[in-house]
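Data first, discussion second: the structure below is written as structure tokens.
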């Protein structure tokens, strides 16, 4: 039987991950701001606690999966926080997509409490989380990463280690998200080009799907104009693009394609599409080409 | 034994394709402007002719693989041309990457000579041509496509049919090249972002290679700074981006990412990198981030 | 009394210019494709001819003001053309906004007929043409420019001479048009920014008008949303941006702002605004910011 | 004799403004972090104080001219701060270029201390400050603006009032700076285009100078390649572009030209040009066109 671990943040991603850890034999104390989301895990044996700090035990392990930098920071800096509670020998496995700068700042704060911060952002959608098909990027202190290994293995199909710097795994996570966002923009433009030249989006999407698994899904969504329900909300895409822009600016890295994506997603927000899938920026590409774009009925 | 076919244009792509057709049992009359390039095919049994028109026989099939729209047009409109020579019942299988507009114009001109024009641009580099791993996009009259099928099968691993419009296959070919060019830009930006944030390009390229076959090769070239010898010259990339821009403009399709790629490749030309691999635009991304970029020694 | 000159092209710009030359004492033979446009000039004493070549006399001077490169070339290369008719000692004063490349090609063609080509594109709208407030950019052979001087003086408030190269004046003309187009984009973005932040476009336009005469007029048009009637049609703006793009590409000059303008005006065309004033691209900026944009009633 | 006023921030802009107020008969208590900068004002009769809070007297007026949002906030939120000291009936005339959001936040904080915040950012360089040729944008409570009027009149050639919202004047200030930054980019591109097409930058700059006072100065700097000493440092330009980007993002206003400027200035920083004049981004435009760019010797 594995040790008891703590889990904070049971949203679309956090809940299936926590469930997999239960199934793998980890006892868990779990916390979620909206308590109703804990029901399933409670039925499957998790202990539900009322305060985030209560998921931790001295020297233990806590996983977090939260919406953004600010939420994670609030929980880490709360008085008392789970970090205080973990204390010497404790490990924080941080799964959220946050900025490298925040990761480094948190790592330093953890160190002051003798807690080790292991960055572990994940690639994959909720379905991948449920089926343990995530990929994990990790970075942090070697010993702590070793201790985290069985946990990472229980929730993913592979782990990439980027060394000791707490920010490194998040840098790579943002690189990956940027590649996907750029692919969405490229697909949107080329499918509109095809349609304006008399070739159906569907025919092109089908061909691309045979070449490139990374593009297959989004090409189909766009060809079908099926942007609801959102696999990943446009507003969350905006958040990620902003993290990329901030990291680019603070590291003095001009990224004109990131700027283009920023303007594209911002237009999506301005046009009221924040709750559609983030590939719905294709509607804007169509509109600019004079195609009357509509989400599928 | 198959019929005798004609082949015009024996460059990096044309020569291995013609060789595969010889191996598949097609007798061939071949023409290349630089005659020395025909030596290997002559040894393997092809008849080398001195004028492009001479590759054709009445009612036969001619394949062309030429550098650009203008070269193909010159050969089609020459007096006499292989098109005249083919005459009624002849088929022209056009493998070059050209603009949809040129393809349509040529198709009309062929029709006036009772020759059928089958657009057949191919995806793949010279290695793929040599190993029959190309993919063919095709469009044109149904009967002629049927006649072309065994030839297309002998040189590729798959054929995608986009209907009767002569321009359609070229539209899709440009869409595909755009997707690759966009991927190169995205990779260049994200690898520079990684490096400026303390993560090696190699580590990120390795991870991306595991996710996306489309990106794997270019990510490695960039991580290693290995832009010579060129798999596909930057100057040819510029040509393709220009075809995309022209097709976008003539069909009134705003493509800001295509514009960005246009400026990036034009910068590569201005900086004297036309003979490096087209992924060498990564050097410009590095320079703009203050990284002293150099091609590998 | 001045010599008799020829004038081809009596559109919005050409007609008031020709009228001013009549008033200045130049007898004129005039030609326009749409003959009805010559009525006023005929009343004021011009001889209307039926073929463009007929405006010329041996060794004389002909002015042209035409819509685009192609129209000018057709008239210059017609058989017979006014260039043949001018012959040795003749001068062609070319007022159209065309590409430097076309200007150089025409100059060479003129030379072969011993005719001197003087590039003389003009800055200014029809009102400026009517009130002799144009500015002329000129380049070409020194002697011919000297002969052109009194004519240029009679239609403008100033002449800028850019040397002997026939293309030079058109390079500068495109630079000037680019500066105006860029100013329109900048104004559109900043006025939308103001409005989205609670400051009226009118208040900002008024302030800018006090600082910068170049921006004053367009700022007001945008603040009032008054894009009809068009002072300069959006479709003509697209033509100019295309000339800039072509000249940038052929001279290997990356101009990302020109690319941005290209995409913006192309969007305007796609959205069906080709007949509005070219500052109507501001509607697109508003739409992308979620402001329901409408031309003024 | 006027009342005694306080002045915090005696940099390139603040010092000549404070001097003009002394000459206009305002007694002053002044503070600057680097005390040596106060020497001239002390000689001319100003009282130099050691803590920013000490410039204020109950119910009085304090002017601030500081480098950025953070510096201004630190001074306003210090314990004690000049705001506490001003207390009921006091007025803060804030001349710095800051974000509208910060201005609004400060205005609220001032209100809680019964102090009135009057936004008064200024257009103009140090020379304009010295010669009272600034323009002032102002917004805030009507009574306080009335009280500020004679002070604003003593330092500028004109005042534009944008109503009661504390953020409004800063919105307009950012709009103005954006227009200038956009003009710099446009000039840089067109001058490089001219040079690559055989027309000297000087000749084009001279012509533009005759048309547009806004562009004249920068066109000359670029034509001469004279980027030192900096009239306005590239690093400060970057700061302003960042304020524009932040304000655009928070108000959901896509501004692709602002994004382009952001990338351009960031490239300037990455290339080590932060201390050159902000028009030195022209060097980057030249480099991308293959022109070996160098600052003038």
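Every chain is named by a letter (A, B, C and D) in the order it is written, and numbering of its residues begins at 1.
The criterion applied here is as follows: a residue touches a chain if its C-beta (ideal position, glycine included) is under 8 Å from a C-beta of that chain, and two chains touch if they have at least 3 such contacts.
All figures in this text were calculated on a predicted structure; none of them were measured in a lab.
Visitor: If you take the mean of the Cα atoms for each chain, which one ends up farthest from chain C?
Guide: A
Visitor: Between chain pairs B-D and B-C, which one is joined by a greater number of C-beta pairs in contact?
Guide: B-C
Visitor: Since chain A and chain B are copies that touch, is their contact same (over half of the numbers shared) or different (under half)?
Guide: same
Visitor: So what's the Cα centroid distance for chain B and chain D, whole Å?
Guide: Here chain B and chain D have centroids separated by 53 Å.
Visitor: What's the distance between the Cα centroids of chain A and chain B, rounded to whole Å?
Guide: 38
Visitor: Indicate the whole-number Å distance between the mean C-alpha point of chain B and the mean C-alpha point of chain C.
Guide: The answer is 40 Å.
Visitor: At least two other chains touched by the same residue of chain C: list those residues.
Guide: In chain C, residues 248, 252-256, 260, 267, 270, 288-290 touch at least two other chains, as defined above.
Visitor: Which of the residues in chain D come into contact with chain C in the complex?
Guide: Residues of chain D touching chain C: 100, 123, 135, 137, 158, 160, 162-163, 165, 167-168, 171-172, 174-176, 178-179, 182-183, 185-187, 189-194, 196-199, 203-204, 207-208, 210-215, 244, 247-248, 251-258, 260, 285, 288-290.
Visitor: Would you tell me which residues of chain C are touching chain B in their complex?
Guide: Those in contact with chain B are residues 242, 248-249, 252-256, 259-260, 262-264, 266-267, 269-270.
Visitor: Show me the residue ranges of chain D that touch chain B in the complex, using the header's touch definition.
Guide: So the residues of chain D in touch with chain B come to 256, 267, 270-272, 284, 287-290.
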